[in-house]
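The following blocks contain the structures, represented as structure tokens.
Two complexes follow with chain A in common, the first pairing it with chain B and the second with chain C.
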Partner chain A sequence: MQKIYEAELSFLEACLKVNPKSYGSWHHRGWVSARLPRPDWARELSLCDRCLSLDDRNFHCWDYRRMVVKVSGVPVDQELEFSDRLIGSNFSNYSSWHYRSTLLPVLHPQTRQEPPHASSPRGPQSHRVCEEQLLKEYELVQNAFFTDPNDQSAWFYYRWLLGRAEREETISCVYVSREDERVAVAFSRPINARCVGLLLVLDGQPLRVEWRSVHPRFRHSPVLICDLPPGTINDVTNEHNLTVHWTGNHTHRDCALYTGRVESWCRDTATDQELFRSELSVEKTSVLQSELQSVKQLQELEPLNKWCLLTIILLMRALDPLGYEKETLAHFQTLKEVDSMRSEYYSDLCCKFMIENTILKMEYAEVRVFSITDRNLTSLCHLDQLLLVTHINLSSNRLQRLPPQFAMLQCLEVLEADNNFLENLEGVYHLPRLQEVSLKNNKISTLTDLQPLASCPELKRLDLRGNPVTQAASVESDLAELLPSVTDLLL
Partner chain B sequence: MAEEEKQLEEFEQIDFLKDRHVRFFQRTLQVLPERYASLETTRLSIVFFALSGLDVLGSLDVIDKDLIIEWIYSQQVLPTDDKSNLGRCGFRGSSHIGIPYSTKGPGVLHPYDSGHVAMTYTGLCSLLILGDDLSRVNKQGCLAGLRALQLEDGSFYSVPEGSENDIRFIYCAACICFMLDDWSGMNIQKAIEYIRGSLSYDSGFGQGAGRESHGGWTYCAIASLCLMGRLEEALSPRELDRIRRWCIMRQQSGFHGRPNKPVDTCYSFWVGATLELLGVFRYTNFEKNRNFILSTQDRLVGGFAKWPDSHPDPLHAYFGLCGLSLIGEPNLRKVHPALNITQGAFQHLQQLHQTWRSSCGQQH
Partner chain C sequence: MAAEDLPSEFDVVILGTGLAESVVAAACSRVGQRVLHLDRRSYYAANWASFTFNALLTWIQEQQEGPQPEQGKDWSSLLNDGEELIHLSNPDLDSITNIQVVSYASEEDEEVPDTAKEETSANSQLEVESAGSREEKSAEEESAEAEGTNTKGEETEVDQSHPGASSGPSEPTRKKISYAQLVKEGRRFNIDLVSKLLFSRGSLVDLLIRSNVSRYTEFKNVTRILTYRHGNLQQVPCSRADVFASRQLSVVEKRKLMRFLTSCIEETEMDHAYSSQPYSKYLQDQQLGENLQHFLLHSIAMVTEDTPTEAGLASTRHFLRSLGRYGNSPFLFPVYGLGEIPQCFCRMSAVFGGIYCLRHSVSCLIVDRDANRCKAVIDSRGQRISCSHFVVEDGYLGSRSSVTTPTRLLSRAILITDSSVLPGDSEQQVSMVTIPPGEVCQSAVKMVELCSSTMTCMPGTYLVHLTCQSVGSAFEDLSQLVTKMFQTPESQEPGGRPTVLWSLYFNMADGSVPGVEGQGLPSNVHVCSGPEGSLDHEHSIKQAELIFQRILPEEEFCPPAPNPEDIIYDGESPTPSAEEDSGKEAGQQEESGGDLNPQLDE
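Moving on to the complex of A and B:
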């Protein structure tokens, strides 16, 4: 058998010389090697080395090499040295950096404190690297991007090194309204109302309720609501204790509704959750500071390099989003000029950061007013963080729609969104407290566009001046029929 | 949308040679050059490129649809009378194995005769494009043949004898289940786990766990999740943002499939469609993308090549057209980004689904 298989291997080598990218040839070679009575793994590795020296991006060869390493038991540190050599000879070898990213967590794993959550499928982000090795890797990567700042390999690897694992899954907010007899719960990730295991306990007794998303077209939502049986909490002289248990994640949150209070909440702020320091490890502020200094040095030498700018922005947002706000905006301007092909993507990213900063400022001031005007916003995000907001001002931006996610603003009383391009108000849906809406100078053109407002029972004031819909003949009577609760209508 | 149309008007000096491309695909369906001989076992997929290409060009009227429909059905591996070969059913790539021509059952058992997952997928697409109602597709056979190909780890082989297994065939499987409106053909949960396991450190998807990120596999991952209706369940908002970032960075003029590789016409679709499915295609630069694709247009022979000054081939011709369709090139039909057929063919499929669901009254 050995002879037959070896002849096959010679044949395959000839095939691979002609076409080193043939799925069939590599697969067959793997098939033969696995069955060979006396395999010569050293020869296989040397074949891979030769192949990679001709084309270091040949993923067929890399995959085959991975298999050989695994089956023949080549120690991981030896492979790490192999990647050292490859990277050392050519920093621009993306495939080598990739290989390194798979070896490192095996060789220097970060010990996990908690077991993985049963409900979330395990992903590669769970393979983190221990601190000691990280610092050595930072040095290696810095050498790489200082040597060739325009090659993206080292930058992507660097970003991965700086990144951290996904946050623990928690209930970030429980909100109770006595008047509406409604409970709203915000989670750290979107969930499906039908699949989630939630238990509501009121004053020590489990209560059967039906959880739903805030909008039928928004099934996978970070905010769910439920109605309590009538009469359960509406007597303001009574105190109540509410607990929401998220059974799948073994976590819960309490909320006490005191006598004389019409509403209550218990919330981790975005600041507490370090929500917007999204990408980077938090323990090592000093390390992040020193990394920021290094990359800033490089930026002085290479002012047109987009990777530098992106990384600086990332590091600044990790260290102090509000403190670095002005600098971050300036860097975004430069970034849009330097990498103009992606300028719209950067604008969108910048808008996202501005929304994040507005949320942080709002929390710092301990108010429930969210205002972001004249910022060229084209889309909204983090609406789940605005569950408690009572007043929102989005005027003078470039919004075209208020999407279904907008319905997460369950406490909203006043909506101002003048001077936008709004034609779609889907998300203004069953907002129980909404009283005032100002939509001057938008693109609302038909009565159907205003349909969602009919679901808001408390709506009293509506300003539609400067919208095409006001030109329609019977607009006043149509609106009186559609929105009977509105007493103050401006056309 | 209006801004993009204006941009395109300004750049019409690189003209799009529609008629050449129609003739290119017509020739593809008639005769292929000798160098395509090695692709004989996957010939049905080349037929798909030509048919869907003609559909995108709005020129299906130049071919004999019925003839091709018959040929496709003759590639179906049908169950034998005793149904002993169910795990081998599906569609073949061509008649290369020498089975006598037949479009009707029952099947005849031959050693080494089986369907190939990518041929079943492109076969079904091709039938839809040609307006067929799939009534002669043996669904039971196709789904059983599909189930036989899925491994423990959630990925698929391409043939029951075994082959390499990876995320490409998960995409094929997802398309088959979607078209047949029957997800019993695969274990969705396991497939999702394999897909998640293929997410690399830089937030692109590899062919499988531990493998390098690549525009093609990223498309397979995202499109599969969209067809399954599980995109937001399988990937967190943060992961989706990081994937968007990896994909957006693939644009150099046109798109490349991996960092530090040259741009290639077909990635204008693989990466472009992924960005479209993730809602951020509008942030790419349409003008540069269009200019690159058209620089690979062969002005003499028609079709597109992977690079400028290279030979055109049906795959790049088709994906070049799809890439142009995504940016709204006038006179090209819109393509469904997940299923990779025209919206017209997709609507035909939706009507078939409605008919099937109401006639058998089952819950899907």
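Moving on to the complex of A and C:
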């Protein structure tokens, strides 16, 4: 048997010499190797090494090699040396960098430090690397991008190093409204309303409720809502204790609704979680600071290098998002000029960062007003963080739509979005407390565009001045029919 | 065979088997010329030769003994009317001088040698085989202290109780190599008389590829470029991967170096602004920092402080263009030594009908007085052989050339050492080392360290070639550097440096001295110069091409040779066989066997 298979292996080796990128040959080789009574894994590894030395981006070979390593149990540190070697011979090969990023968390896992606010154990495998190793990696990758700053592999790896781990899965906010008899729950990641095991306990009694996402357009959502059975909490004189259990993750969050209060919430804020900052411990942020210094040094040498600029932005965000806001914006401006092909990407990224900053500012100020005006905003994100916002002002930006996610703003009372390019209001959907909407000087042209507003029961005031729709005949009567609750209509 | 006469008519007679002569021979045969290629010596490649250790010892002896007396025969009987003779001389008369051998290896295969053996002999007093004849010299007493430490180092190898007093990291396990071993394993050495490398995009590599001569030999990449600075050896980062991996450069230096290297490939306006200024000034103004300037000037451009910018940039570009073609450095080295290359061309010539004789010379040229052309030659056996062109190594013209031109010399040192000057992760490193002028020696020294996988030295040893322009004798020029970089009994402080087992110093005539063309020589006599001091082969290849164009202005220089399968053999060919010398290289030329008369399939 051994002989037959070995003959097959040498035949396959000959085949691979002719076509080293044949799916069939590699797959068959894997099949044969797995059945070989006495496999010679060292030989297979050396075959892979030879193939990779001829073409270090032969992904078929990479795949096969991973299989061999897994089956033959090559120690991880040896594999790390292998990646050292490949990177040493050609650091433009992202395959080797990526392979490294899968090895490091295994070899040098982050030591488990329970953050004080964590309410649940972490997942089984941290995808992060311990700090000490992380610093060594910074140095290695820095050598690469200083040597060739136009090579993207090193920069991508650097971004991975600077990136944050996936957040642990928690319930970040529970909000309860007495008047609407509604509970809204925000999670650290979008979840499926149907599949997730959520249990609502009211005053010690489990309640049967139906969880749903805020908008019918998506089933996965970081914010889920449910309506309580009528009459359960509407008496202001009663105090209620509410607990949401996320059974799948063994986490829960309590929320108390005191006497005389119409609403209540319990949450971790973005500032509590340091959501938009680096993960390094405080002592080691000095390292990030010196990273920033050296990348800035590179930028002095290569003022128009896009990777360098982008990395400076990322480092600044990791260090102090608010403190570096002005510089960040200036760098984005340069980026859009030097890399005009991707200017829209930079615009969106810039929006994201500005929204993050605005969230931080709002939370430091401990208000429920979110205002970001005149910033050339092109898109909205992090809307799950705005669950408690009552007033939002998005005026004088370049928004074209309020996306379905906008419906997560469950507490919203006043929406101002003047002077944008809005033509789609899909996200203004079933917002129970929305009373005022100002949409002056936008691109709303038909009544159907305004249809979503009809789902907001409390809407009283609507300003549509400067929109094409106002030119239509009988618009007033049509609107009265569509939005009977509106008493104050400006056209 | 030897008694047989050669054919009496050829198109081209070539005397000397150096590189340029061999290339001309190959080029002429290739286009159908009848070529007779002779060398007075018993080996191929003249001063380009590579020797086994034992052959080198014989060569040294021959050089010491001087030439055999010429029998001043009178060939005037072979002359016709209107003809006169030009006598040729012995090529080895002047080209090699100041030979000095210093052996440090212990004589016997002893475990604790009592004293390091030193043999120093001046010109023509050489005693290589001087077993037992230990000279009690004052020099030995002087170095007694240093030897003391040396012996101590050897003792620690025996009892390994107190660790490494003076030996390198891998030393304790290795046994000292004795002189007897060097002789016994002598066949594993291929010691070059000249030390050169091939630029991956140099004219020699191009020629080897174009002419298909490359099929006769193999090459190894030089694996690293080193430089000697402030008494330390440093690796010169020249490729992208080197720069990335370098530990001596700061990241900012890395960026600056890479930027300079990428930008200088393209010519810019800036370059012209510096056209009258030295390259070192140009580098200074690039804000590169001292470290990088040193690398660029001495190791990459390999020029001196006062080389003009244009020349400096040109050689930098040449270096950079060669980088990455075959590997991580711009240089190639032929496996089995440089002597292979002239032989490869000879072989190509023989395949296309060239006739080869070693130990066979030309004693005089017969010149037509009126036309001032060489009509024929008289070989060392007194046969008159007519030819339309005569190509000769300048050494055979002897006194003729040296009268008018001042002789410039190269200083050479050849060392056999026991470890690498800079131990790396791999033992098999081929290193090119530049030692800038003023560091130790007056002139810039180029050093090439070969490992055993180049098939030029026995396993466990390294072969080190040093070359510089002479100021004094080779020993005067280079021994100080050797003492500094290697462990010899003369070394002052012990340190983990490689130990020199055996060394040879000699001076060689510098072939870059302007040629002797037109010095009253007939117009169809073409002179090839011997090896010169530069690292590359450009000089000889250009010279060969020039000579070929003068001989055959209409013909293509070394067009690709056809595949052996495409050659039709003419079985009826009546031409007499090539004269094979029974010398040691005979095996190399077997394809020229007489009844093979290859023709192009057209």
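What we mean here is this: the second predicted complex is superposed on the first by the 353 of 491 C-alpha atoms of A that agree within 3 Å, B and C clash if a C-alpha of one lies under 4 Å from a C-alpha of the other, contacts with A are read in each partner's own complex, and residues count from 1 in each chain.
Rule of thumb we're sticking to: contacts are C-beta pairs under 8 Å (C-beta built on N, C-alpha and C of every residue); 3 or more make two chains touch, one makes a residue touch a chain.
Everything numeric in this text was worked out from a predicted model, so none of it was measured.
In the superposed model, A:348 lies in contact with chain B only, and not with chain C. In the superposition on chain A, contact is made by A:301 with chain C only, not with chain B. In the superposed model, A:190 makes contact with chain B only, not with chain C. Once the two structures are superposed, chain B and chain C can be ranked by residues of chain A touched, with B on top. Once chain A of one complex is fitted onto chain A of the other, the partner contacts of A:95 are limited to chain B, with no touch recorded for chain C.
When the two structures are aligned on the shared chain, A:156 is found in touch with chain B, with no touch to chain C. Applying the stated contact rule after C-alpha superposition, one finds that A:59 touches chain B and leaves chain C untouched. After overlaying the two complexes on the shared chain, residue contacts for A:357 are found with neither chain B nor chain C.
Once both structures are placed on chain A, no chain A residue is touched by chain B and, in the other complex, by chain C. Against chain B, the residues of chain A that register as touching in their complex are 23, 26-27, 57, 59, 62-63, 66, 92, 94-95, 98, 101-102, 121-125, 151-153, 156-157, 159-160, 166, 189-190, 192, 220, 278, 341-342, 344-345, 348.
Every residue of chain A that touches chain C in the complex is listed here, in rising order: 88-91, 142-144, 146-149, 294, 297-298, 301-302. Residues of chain B touching chain A in their complex: 163-164, 192-193, 196-197, 199-202, 207, 209-214, 232-234, 236-239, 248-249, 251, 258-261, 280, 282-285, 288. Chain contact summary for the complex, chain C toward chain A: residues 240-241, 243-245, 251-252, 254-256, 258-259.
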